[in-house]
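Both of the next two complexes hold chain A, though its partner changes from chain B to chain C.
Showing the complex of A and B:
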């Protein structure tokens, strides 16, 4: 089950994600998280507590990050678990989202 | 740490006692080595003292390592080598030379005992300064009564210990007779690293070698001086790999075939890192597929066209369309020749790719010989073949003969076979045939669609002409199908790879298949494949009528599988397998052998659109025409105004219209434009390269090279 917690820190909005980013996370991400981040200039997605993903979940993540980047917001992914990072690398997420997101 | 003292005395006992006093040790704590027994001499001549080496034994086992390295380097005295076993340990080892030379130096004679090069001794002056030198890797000192002590310069901080105190860089110490000098020399030991890899197809195994080395350092010998600057030399020895270990590892991996002992030996001796192929399988030798050879074609070429009494041309006697008479041999089947199986490095047999036999299906008016290898015509006509993979359906196509013009009074013509028209086609009329069309007269404001080839002996004016529509489609779809098949193989591997990642959940595939994954992959690694799929769809829209149900099913599968977005009927990597098979099958259908290629031969073209799936021959010239052909364009007249595309290149007399830039020539990237003359203002496109002529040019031959640059021959 996916959940998140928002915390502002040094002018950056940290999104502490918890649980699996999968098909079931769709409603929460698209209907709540996305609108909640609309006003933020700099967003950090902290994935420390995310241990599993599926392709639908990655699709959601791409949609979220690309949506924010199109509005010229600064987005980054942090504390990605190595197992999850492996999936990201296999799918070349850095190519899709831009390498700056992973720095 | 070990301490040794070389001591001299009138007798062996005296020398030992003296050493024990200095070491503050008892006889039980030391090992004693007698280097030279005393010689009492005869009548006082030739008196020599006894020389012993006394070594303080290790007391604490904690120091075992230091002890060993200490021993390793205690080549202080050649005589002590007997009990100094060379120890090798991985990595960096520090060894310390322990030296403590006790030399009373009272008389020249006793000093000479430790210094074999007694010639140096002879130069001694009455009051001499102390000397220090390195000989055979060990430090020697000689001190004379009344002389100054020799000096030692540090060479690196901490590397020299005098009585346990480090000598810092830049410092100099005087070495007295009882000083205990240790010099640290490092040695490096790098074990050879190697790894065997069997390539995925198991046709070769290679070993990657990072050679090992042993770097030994030693003190360089010096001449006796009053001051010593230590200099260190080093030797690098390659540590070879034991070939048996590689062979053993190969055996463990199951590699048994094609082992190259010589390559193994080379790999073992390598002094630089490298890759050595140590086993090679034997590749299978592919066979030759069966094929069908048309005979009628070559025979028909010998005869000239002949006018019939009614003015029509006897079809059988035109050389362009092959034809057969009743009872003629249409062609023969050449059987497939099987290939030779190979063998991989695991000793397994590798099957040669299967060869396929062609099979002839007898269609209308065709009979086969009993062995199925010869096809015979039952009536006169045009033999046609329809390829379905490796089945060839042969039939004799009937022909519609139309004498006179096609106009409003005759109506349009739609015919399954060939059509021959002795007159003209006029006024918005349409002639459509699945076979060949031969028109003797003009085509004026009409629409011609030939399934196979077209010959027009007169002019094509303000008309639309399509020749070999299916081949046009084939020509465009072939590279796309090939790319899809290749990309799908990679896609299959990528799906398997990500599915096996531990953090990847497969739950959503139950409901949506691979669609969500495709969506991600098409944005990233497989963006190119997505583009190809979209070009496939666009192509389908261009050709309203797809040739046959195979294509409809294939397109349906492609669209529902990859492009619907929300869900896909592909659920696993294995599901792609059958799709890849169908893709390859269709590819084999669309790659048309040269002998089956169709063509169009027109006399003069004006204000018309012509599209041809094969070669296009213009006997005279074109005026403001738009031509496209998949094959080669040959024009024996002038192309004045218009656009001329020929994927397979063009050979023309003249192109361009004086004073205007309205003529453009286009050929594929690998093709050549040859023209006797190109007028100023004409534009040419070779692949993606474009050039506009600013002045007339004759005898033009142009293509592009592998760097995508124009290569010209012309004047």
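Showing the complex of A and C:
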């Protein structure tokens, strides 16, 4: 079960994500989170409480981050858990989203 | 038109209920004066399942009857698989029976001597629920049949094992949701070269299967025409973006494509975000065919560097999709290491039993699983 909490901090919008990012997270991410981030210049996805991301979840992350980057927003992923990072590396997510997202 | 079965040992009561229902417009009313007569009507014989489902939609069942009472009769009917959803309304004058009656599987009750409108309201709502349930069940059965057919169709496009001098290829293909987003393909070229491809479409179920089948239909011409890894993967990426580039959710697949030169004992590959293939040779550390680029369908311009290496025969190359190594709560790297260790201990078995043994490694059917093993000598 995926959920998130938004918190503004020093002009950046932090998205504290929690739970599995898979197909079931789709509606929440696309219909609520994406619109909620439309006005933000700088977005940080905090994945500390995310321990599982499957291939559908990767698709959702790509959609979300690329959508924001296309509008010239600054996006980064933080506190990615090691087991999730392994999946990101396998799929070469840094190559897809840009290395700056992982800094 | 709904059919109602009234079961009551009192003929007076039966006639009374029949009259009310008939007046309200229910035409198909059947009567039974004991539990046994009701069973006969439903086709339930002693210790035997009915051969054909009787078309009754609702049973009105008296509780106090000689021989077998209504509660026992209700249990028997509910224990018959095809009648699990048949609504049963108890007829009773005594609230003391309620707990046991509901425990036996009764859906509702009608108090004897109560007003007619109450009886009719309860009958009507039970029948409405039954109708909705029937509609849903029919739909589910139709979808299931459809999926079974689709499953066979998808399996029918998979290659049979390949056995040629110097090369044998075997595979296992396990569909998690009847149809799968995994797909494999191979082709022998006339100059003793062989192209082998394994793909895994993101997500699973019908939408992933639609993508994998549409890609499958392009493979004869793409692999046949381009042959070389960078060209094959580049063309797949182009086609994938043409076909599915406009969908709202990112549609992509991971893939590994090898071109094996059996004469020169060389292979070249591109691994597009796919778990590493394993090159296994006895007494030699396994070689991982690691990722070289991003998955197919995501970027318009993907890097297409090819890795080339030579191999010593006999050896084996195993390709698999992440369903084989992914387990909830465990790191995928752990699954890959475990697979590597296990696969590396199986040099003595034939290629066919090798894939059989690997299949047993993960019984997790949450995801599709596909294994392709190439034996070279």
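Everything that follows uses one rule, which is that the second predicted complex is superposed on the first by the 103 of 103 C-alpha atoms of A that agree within 3 Å, B and C clash if a C-alpha of one lies under 4 Å from a C-alpha of the other, contacts with A are read in each partner's own complex, and residues count from 1 in each chain.
As a working rule, a contact is a pair of C-beta atoms (placed from the backbone, for glycine too) under 8 Å apart; a residue touches a chain by one contact, two chains touch by 3 or more.
These numbers come from a predicted model, not from an experiment.
Superposition of the two structures on chain A leads chain B and chain C into a clash.
When the shared chain is aligned, chain B and chain C each come close enough to touch A:83. When the two complexes are overlaid on their common chain A, residue A:59 makes contact with chain B and with chain C alike. Legend: residue contacts after superposition of the two complexes on their common chain; A:95 is shown touching both chain B and chain C.
Touch criterion met: A:23 reaches chain B and chain C at once. Chain A uses residues 23, 51-52, 54-56, 58-59, 62, 83, 86-87, 90-92, 95-96 to touch chain B in one structure and chain C in the other.
By the touch rule above, chain A contacts chain B in their complex via residues 20, 22-23, 51-59, 62, 81, 83-84, 86-87, 90-93, 95-96. On the side of chain B, the complex with chain A involves touching residues 494, 497-498, 501-509, 511-512, 514, 516-517, 519-521, 523-525. Against chain C, in their complex, chain A makes its touches with residues 23, 26, 30, 51-52, 54-56, 58-60, 62-63, 82-83, 86-87, 89-92, 95-96. Within the complex, the chain C residues that touch chain A are 200, 202-203, 248-252, 254, 273-275, 291, 293-295, 298-299, 303, 322, 326, 328-333, 367.
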